[in-house]
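Accompanying notes for the structure given below.
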Amino acid sequence: MSIIETKDLTYTYPGGKFPSIKNISMEIRKGEFVLITGPSGCGKTTLCRCFNGLIPNFYQGEIKGEIIVTGLNPLKKQTHEMAKNVGLVFQNPENQLFALSVEKDVAFGLENIGMRREEIRQRVDWALKQVEIYDLRERSPHEISGGQQQRVAIASVLAMQPKLIVLDEPTSFLDPLSAEKIFSIIYEMNKKLGITVVLVEHRLDLTAKYASRIIIMDQGKICLDGKPRKILNTQETRLLGVGIPKATLLYQELLEDKIALSNEIPLCSEELANFLKEQLKAK
Amino acid sequence: MSVFDGLKFRKVSSPIHNLDPRIKFFYVIVIFFSAILFNQIIVLLTLFLMTIPFVLLAHVQKEWLRSLRGAAFLAFFIFIVNIASSYFTSGYSLTANQIESAIAMTLRFIVLAGSFSVFFLTTSPDHLGLALEQSHVPYEFAFAFTTAVRFVPVLAEEAQTIMDAQKARGLEMEKGSFLKKIRNYIPVLIPLIVSSIRRSLELAEAMESSIDH
Amino acid sequence: MIEVENLHFIYPSNVEALKGISLNIRDGEFVAIMGQNGAGKTTLVKHFNGLLKPSRGFVKINSIETTKTSVAELAKNIGFVFQNPDHQLFSETVEEEIAFALKNFGFKEEVVKKRIDWAMNLLGLSQYRDTSPFLLSGGERKRVALASVLAWNPNTLILDEPTIGQDHRQKENLRQFIIQMQTQKKTIVMVTHDVEFVAECNPRVLLMRDGEIIADGKGTDILTNQELLTKSSIVLPQIAQIFQELSCFGLPQNIIDIYDAKNILIQILEKKK
């Protein structure tokens, strides 16, 4: 079953001279964990905004082509109608929490679709426990750390029990340990709850191991699309200036010196370390 | 350290902090309208003095004085503009009345700054939001108000960062003639406005993504 | 030379942000200050150009205490590039933006012109001379902010979280730029939690936690110490992770650079053949 399907999607921001995304045709299926990356300004954020109807409902501008997300047409539906199916998490944690307490922020969307009070209570508690910040529920969003704020934002979309969660560089303001935590939470959502995940990210070293598929964009177009091991092993990926994980790079460097450690390339340090261990033990 | 500390709420326990926020809100509104309505120095002075016991009871005198010190420059500006405008409009002369009204205008500003400062220093935004909801204020209004309140400390911090960034580029806010001093605020105000607009857009985007309106 | 002796700083809200920091940064050094958000990194570097003054202890810049001079005076030697360029850009054109500080410091007209050209050229901004900084992309705005500080040629550059929101290529450009600054004997102090970027640059590393410095030394020593890093909410760089996993094979443990790693592995694996 496809969750997102686009055909020749082209979009130009109001006043823009040329389109930010050009002829995007793609399909994302239920349960996938898709990592979208590419240099700044390549159109990845713009594409995400199409997925829940922020484009064109909020941003206006000129859109061409077709798009269906979770069976709905975002060009015809209002953004808040999409919100039941599609959750969006943004880059800056500070600017997406607007309520005065953590639990109120998480309850916001639910109150808006007119859910009963007890059910809201249950959903909010469940979502807060999923991201492990139940203890912070009464705190004010600006008193907690950036990593915790970002978990609140994830809980808010999780509470809606969406089919798809789209995250736009959710950890760029966070320290490495908090970032790792966020990524493992996202991975759990995908594995345990079966929610389809689209993650926009520069830092492949922390995320490539979680993805079931990588899409690389450049200048508004999709250049490469496929399984992580395949994509990270191509010459084009290196030329596009994508930040390839160090473990993958080291593997490729060794290969250039005729040292083949295994048949497939590693995506993270644990994998490469395991390949090396086998080699070191074997001899 | 900064004038904006005069607006930041800090959790402390005092009779004023524990007061129902609606009462404090009502008090501020009453002071606000009285200060607008009256222009006699004696009334304004009384309003100002009335605030002081609350400040002392809440143990926020340090922060409160700091916010007043921050307001002093603007107060001085208001005074000068008033004096200058009456001087030029009444044919290059000044009467005692005109000086008095300039003092009143300045005092009015200080009264407003002082009472708002006590309010924000002693009221947790949480309690305020709750109070507004309970007193049947229309939802849109309560929502807009609490969101604004939620971002007061964030904006105050941002203003401080911007001032630091410009000082680090050699801007001396207090240096120069009177006009130069006013011009010194441009490198602070423009980034503050631009960042606020960017921030509101991001907020609007996040809200649009989750709520009906 | 930056000298910090027993520096304490208490915010008006009575939060003690720095608890007795002592350190020296010599001219021409490249230092990365790392640690969790809220550890006091930015509070510390704001003392270097006098934006904050010590509550106790002292900070001396070239033997002069920061309490005895002004921010404007200190800033001539110490350029501070803030994290978010939107917090400083305000002019109508890129050229005017860069001229702002030069005029504040009272440079002569012809010097101002020269310095603008030089800074724009260095950061590849020449084609944007008459463009409004607000119309540029995020990465370009960051470069304008950097150029506007670099223009007065301070001896020391403080970079607050320079890699946030930057893509791989932009980070590589930044690294090249830092190397170039080092060859000109500039002192560089970088506040960051981007562990991979620090591993690539391999500067002296200061690790902060709760207002204290918990480690100070070579990047290869600190970034390979799991225990210390965890205390500061930092993870091992990837290369260090790999070598830690292989510690039972007697491999060296102070490797953070990919090419050092490659050479060592080649030696061992070839020998085994």
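Every chain is named by a letter (A, B and C) in the order it is written, and numbering of its residues begins at 1.
Here is the rule we use: a contact is a pair of C-beta atoms (placed from the backbone, for glycine too) under 8 Å apart; a residue touches a chain by one contact, two chains touch by 3 or more.
Owing to the predicted nature of the structure, the values given are computational and were not obtained by experimental measurement.
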item	value
Chain contact topology (line, ring, star, complete or other)	complete
Among all chain pairs, the one with the most C-beta contacts	A-C
Chain separated most widely from chain B, comparing mean CA positions	A
Whole-Å gap separating chain B and chain C, where each centre is the average of the chain's CA atoms	36
Centre-to-centre distance between chain B and chain A (centres being mean Cα positions), rounded to whole Å	41
Chain A and chain C: spacing of chain centres that average the CA atoms, whole Å	29
Of all residues in chain B, the ones touching two or more other chains	none
Chain B-touching residues of chain C, taken from the complex the two chains share	11-13, 46, 49, 51-52, 70-72, 75-76, 79-80, 82, 84, 86-90, 100-101, 104-105, 134, 148-149, 152
Chain C partner contacts - residues on chain A that touch it in the complex	38-41, 91, 145-146, 169, 172-178, 180, 202, 205, 241-243, 245-247, 249-250, 253-254, 257, 259, 268-270, 272-274, 276-277, 279-280, 283
For the chain C and chain A complex, residues of the former touching the latter	36-38, 137-139, 164-172, 193-196, 230, 233-235, 237-239, 241-242, 245-246, 249, 258-259, 261-262, 265-266, 268-269, 272-273
Complex interface listing, chain B residues touching chain C	1-2, 5, 8, 10, 62-63, 66, 158, 161-162, 164-172, 186-187, 190-191, 194-195, 198
Chain B residues within the chain A interface of the complex	124-126, 129, 146-147, 149-150, 153-154, 199, 202-213
